[in-house]
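These notes open a run of structures that come right after.
Below, chain A partners chain B and then partners chain C, in two separate complexes.
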Partner chain A sequence: MGRFILRRVVQAVLVILAATLLIFLATFAIGDPFASSGEKAVPPDIAAANRAKFGLDKPLPLQYVIYLGNMVRGDFGIDFEQHRPVAQMLEAAIPNTVRLALVAIVIDILIGVVAGVIAAVKRYSFWDVLVTVIATLAIGIPVFVIGVVLVANVAGWGPFPSVPRSFTVQVPWYQEVLLPAFTLAIIDAAFIARLMRGSMLEVLRADYIRTARAKGLSERTVIGKHAMRNSLIPVVTYVGVSLGVLFGGAIITETIFQYNGVGYLLSTAIVKSNAPVIIAVVIFSVVAYVVLSTIVDILYAFLDPRIRLN
Partner chain B sequence: MRRSRAAASAIALTAVAAMVLTGCSQKSNQSTGGSGQTAVGFPETQDLPPVAGKPGGTFRLGITEPTAIDPYNAQESEGILVNKALFTGLVNVKPNGDVYDGVASKWEPNADCTAWTFTLKPNQVFSNGEPVDSAAFKRGWERTSAKASASDVAYHLDEVQGFAQMQDGSASTLSGVDATDPNVLKVGLSKADCEFELRTAAPPLAPVPTVAGAADNKTYNDMPIGNGPFKMDGPWQHDKGIKLVRNDSYSAGPKANLDAVEITITPADTGIQAEYDGFNNGQFDWARIPTPLLTQARAANESKNQWISKKTAGINYLLVSVTTKPLNTADARKAVSEAIDRNAIAQGVFQGSQVPADAFIPASFTNAYQPGVCTACKYDPEDAKKLAASAGLTPGTEVNFQFNTGGGHEEWTAAVKQQLETNLGLKVNYSGVPFKDLLVNEQQPNATGLFRAGWTADYPTPGNFLQPLLSTQAIGAATPNDVANGDNRGRYSNPQFDQLLAQAAGTQDVAKRNDLYKQAEKIAIGDDMALIPLFARQQFRLANTAKFGNVNMDFWENPTLSEITIK
Partner chain C sequence: MTTPTSAGGPPVDAEAGAGVLLPGADSATSGAAVPIGARGSGQLADVWRRFRRNRLAMVGLAIVTVLILLAIIGPYVTPYNAFEQNLANTLKPPSAEHWFGTDVLGRDLFSGIIYGCRLAITVGLLTVAFSLLIGITLGAVAGFKGGAWDGVVARFIDVFLAFPPLVGAIVIVRAVGGGVTPVIVALVVLGWMTTARLTRGQVLALREAEYVEAARSIGAGNRRIVLRHILPNAIAPVLVYSFTSIGVVVVAMASLSYLGIGVPPDVPEWGRLISQATPFLRVPGMTYLWLAPALAIAITTLGFAFVADGMRDSLDPKLRGGN
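Up next, the complex of A and B:
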């Protein structure tokens, strides 16, 4: 078991390193961020001063090594626009994104599992068809459509705050997070419903379920206690990975709802070609994803010994 | 020039539809008339009658995250909005170039305008109680021009003696600025400038208190202490908002009426849409409008007096490489200009929200605007053909035409290309490139043809159009084979024009100066067609005039926060 964990951790570190190198190269391939900054040419000496400040005058491999060294110490440099520490910007954005991701996941699971179980238990019934149709539709609708429709029609009504709103309007975080979380949850919930239905149907055919029924257990106990538990395993994997993705920030949803998370930070940075922020957010997203999927892998190995043997 | 972050790409969507519907090749019968004024475009609105001020109220609006609000680096109109609320410079300006007093009560140049004396109002203080004396201005100017500050906008001070030494790091004080008398600021210039006082209204020339420290002082960057009609209520909450409250110790002018101004940060790429949405859902009291929604916004708000439409100090034009073939003669450039049907594009692509230009100096300069000075700005395909023939611009001639992508310029530039091909039979090599590449291409000594360009003025003077865009000095290349580092990348050079500008810079009388500017414009645009004016800049806003009075647009296209009052 120890060796398995070690192997997974080493893999994770390698993936993170490779990802940082790629994003670093990609960002700087775009070109000199100080070449010009509007319709007015930036005076050459000012551009040079900026380059020196950001170490852009050094060779690229050296820039990368300097960057990695600083990153390990939690220093992501300062951004091009306002010269603020990027670590601070991330620090402010991460809790918002984590909240959004957790609420979205809870909504996912609630809707997805319930819909999936109903569809499986009442197979080929009206409810099954309804779940399948809605799930297929939900997977097909682009997330920005859902977001824009919610902003235009639901925001500003009842418990849902207006978008945009004056920043001094105080809104409790759980109200602010509701609509974006719901937007994010719809597609995942649809996937989970499909996943849950499939795995539930498989489990329901298993011998031990027949045995449980033969013992005279109530249908409720058979489904709730015996069948659901085992059919949740693929859902747990999916949720783990999905959480990793969500922690990395939801660019479209956060931007539509003007929600100050990691995704919003990234979209703003891209618009302004603010390379240090782009690199830092992407690295954070990669780390969040790799760490969570590694944890899921390891947990999975605990749950199902066959994985380890493979 | 100040930067505008507004993504205009949304124009593209409706533009496509509009071109299909209206047919871009439609002929316009609107005559340009004797005055040169055209009937195309949304009319300007008049300011509503002033309302007596009374304290109270919170004015709310959205802006995209500024680069800086600290004077040393405040640059785009968003940053200037906050900065001008927090700081008052030596003088204030009106959109048409009229100057009125700020901290200075009196200002006068010497006979040849190379030295200026500003007399400060007594007992001026920053909101922390520090005195606003001549030393505070010297401090601010040195902070802006210091090499270590790496300010993007230090060029506002480039006429001050000792600026070059500050920029290269060889000096730590601006030798041209004398602050020995706390009530008098003396400024020595390295070249004559009889309009230097206009520059002192720019944010980078604001005074700063000693607590400002160096330009990298994060505390001050985020919560500047100034001498303006408002002060910060807590530090700038990045990506969230900025709250200002009235500065009750303000004495450089009338105190503000509003209790507070709440400025919410909107998304970088969809900020204008957010402002508009926020106005419609009652969250904001002032908003810009996405171009595709202008007609709709006007219809819904004009009758309620909530619609503001103003010509401002800006121009959209085609930069022309005037030193290389095929557009190296005035006739060739005039042929191109007369072959462009500006009215059709204004109506077809811009739905009337843009006004065809008939001059280079914008109409917002009421005392220098010369309607119709651009004689070749009228659509006349027959004359264009004659001019083209005489200039050797024969059918089939290749002409480069580049624009920058991502700015919503695709549709109207395509229409221009089509008109040049239809009316002159030219072979237009038309391409869209990223903005940075466009700039580099324009700078090259072998650049040829046409480039999309726009300009908004830093200071309300015609000189800020003529000098940086058309003077020989502003080419920024030592020899014709060098890259052009200045803003005159078309490399127009005419000694007579330069002479008139130099004369204007040394002329104290405003009327005479404007007259010289007019003559210069007549030569560069009317005779030489050094660049091709297309559309005058016009801005549109929505304002909550039901709740607030005195809501107008200032020179920087921002609301007049210090005058706004609750009704």
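Up next, the complex of A and C:
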């Protein structure tokens, strides 16, 4: 087990390094951010001063090494636009994103597991068909269509704020987080319901379930205890990976609701070609995703010995 | 990064002759309603019969057929030029002249949606075709050669899978430049991994099959064995997956355009039309601005997903688990 964990961790670090290198190269392939463009004429000496300020006058490999060194110390440089430390911007955005991710995950586990179990236990009933149809529709409809529909019809109604939080508008976080979390949860809940239904059906055919019934356990115990536990394994895996994606910032959803998380930070940085912010956020997303999926892999190997022997 | 969920692709049984089933899958996608059994394969007829009985799959097939037809004949039937602005006639609700109304720039939305359909279908098909090419090649090499080849391909897959897809696509599009081609490049770069993984798994399993051994024993070369014996039998689940991913690609392009990335701003791409409508989202009576493109995206994804589901179920009836 120790060797397995070590191997997975080394692999994760390598993947993160390779990914950061790719992002670094890709972002700087865009071109010189301080060159004159269109009507914006930049005097050469100012452009040179700017390049020196942001460290862009050094050769690219050196820039990358310096960046990595700073990054390890928690320094992501300053952004092009307002010269704020990028680390601070990330620090402000991350708690919002984490909150959104956790609320979304809770909603989708609740809906997904309950719907999946009902569909599996009452197979071919009206409820099963209903769950299957809704799940298929929800998986097919893109998240931003759901988001747009919610903004157009639900925002401003009941507890849902109509205007996103800003300097002048104060909204408690739990009100702000509801609609985006629900938007994110719909698709995941549909996936979980499908997964849950499938694995529950499989488990229900197992011998030990027959044994449990044969020894006279109540149906409630058979389903709730014996069947549930084993059929939850694929769901746990899915939730882990999905949490990794969500921690990295739900870029579309956050943008639609103008929710001040990592994803919205990224989409505004993209519009303004704010490279230091783009790089930092992308690295954060990749790290969040890789770390969580590594943890999931290790947990999974822990639960299922066949994997680590392989 | 072997996430346990993707560790095992959809199972396929080699002995069912999945390769023979391929033409069936093909003609299902192109919407030809000819009885395939006429070609003399009982299995093909079986697949088609099972597919036909699946109501959702048939709905999907109808949707996909209409979409592809629209994409082909679209520009010849649109009432207006989808790009033509008319600043004297902006933001008009649906009427007899403009079925879906006009947008902020006075463009006819109905024509825009049809143009967007052509764009979505073209990008979807091209992206999936290139992803298949790369994925199948790498997957087959990794699975057949094994050893170092397998290791290298596996590491590449890990690195590319580590990108949250949308974030990765944004970075690539920005690096390559604006336009439709960079969008396709980005979506291919981030889209080939699952295909490669599925192919690798299939090839790995079939490499030791008896009929492959038989082929080798009569002196067939590696190339022939892979291209003629292994791939035709390995490819069915890969194709089913790639059919679902056409819808995913359409959504990805729309998401990018929604964020203002990729497709040029003047092109009536579906996601772009929705992002154009965002300032008016909460204005009563202006639903028409985003409803049509939103429905178009949803219907397209659902159509492809239904067909892919139907294909999977009819190719491998065991998966349905029905009694």
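Note that in this section the second predicted complex is superposed on the first by the 303 of 310 C-alpha atoms of A that agree within 3 Å, B and C clash if a C-alpha of one lies under 4 Å from a C-alpha of the other, contacts with A are read in each partner's own complex, and residues count from 1 in each chain.
Everything that follows uses one rule, which is that contacts are C-beta pairs under 8 Å (C-beta built on N, C-alpha and C of every residue); 3 or more make two chains touch, one makes a residue touch a chain.
All figures in this text were calculated on a predicted structure; none of them were measured in a lab.
When the two complexes are overlaid, the chain among chain B and chain C that reaches more residues of chain A is C.
Contact with chain B, but none with chain C, is seen for A:Y264 once the two complexes are overlaid on the shared chain.
With both structures placed on the common chain, the touch criterion links A:R229 to neither chain B nor chain C.
Contacts of A:G156 after superposition on the shared chain: both chain B and chain C are touched.
Looking at the shared chain after the overlay, A:Q82 reaches chain B, while chain C stays out of its contact range. When the two structures are aligned on the shared chain, A:R7 is found in touch with neither chain B nor chain C.
By the touch criterion defined above, A:T255 lies against chain B and chain C together after alignment on the C-alpha atoms of chain A. Judged by the touch definition given at the top, the superposed model places A:R210 against neither chain B nor chain C.
Under the contact criterion defined above, the residues of chain A that touch both chain B in one complex and chain C in the other are 151, 156, 162, 255, 267, 271. By the touch criterion given at the top, residues 11-12, 14-16, 18-19, 22-23, 25-27, 29-30, 136-137, 139-142, 144-145, 148-149, 151-152, 155-156, 162, 201, 234, 237-238, 241, 245, 248-249, 251-252, 255-256, 266-267, 270-271, 278, 281-282, 285-286, 289-290, 293-294, 296-297, 300, 304, 307 of chain A touch chain C in their complex. Looking at the complex, you find that chain A touches chain B at residues 31, 35-46, 49-50, 53, 81-84, 89, 92, 151, 156, 162-169, 255, 258, 260, 264-265, 267-268, 271-272. Residue ranges of chain C in contact with chain A, taken from their complex: 1-5, 7, 56, 155, 158-159, 162-164, 166-167, 170-172, 174-175, 247, 251, 254-255, 258-261, 271, 274, 277-278, 281-282, 287, 290, 294, 297-298, 301-302, 305-306, 309, 321.
Partner chain A is touched in their complex by these residues of chain B: 1-3, 7, 60, 62, 65, 67-68, 147-148, 150-152, 154-155, 167-168, 216, 218, 221, 237-241, 243, 262-270, 274-275, 277-278, 281-284, 435-436, 439-440, 443, 453-455, 476, 485-487.
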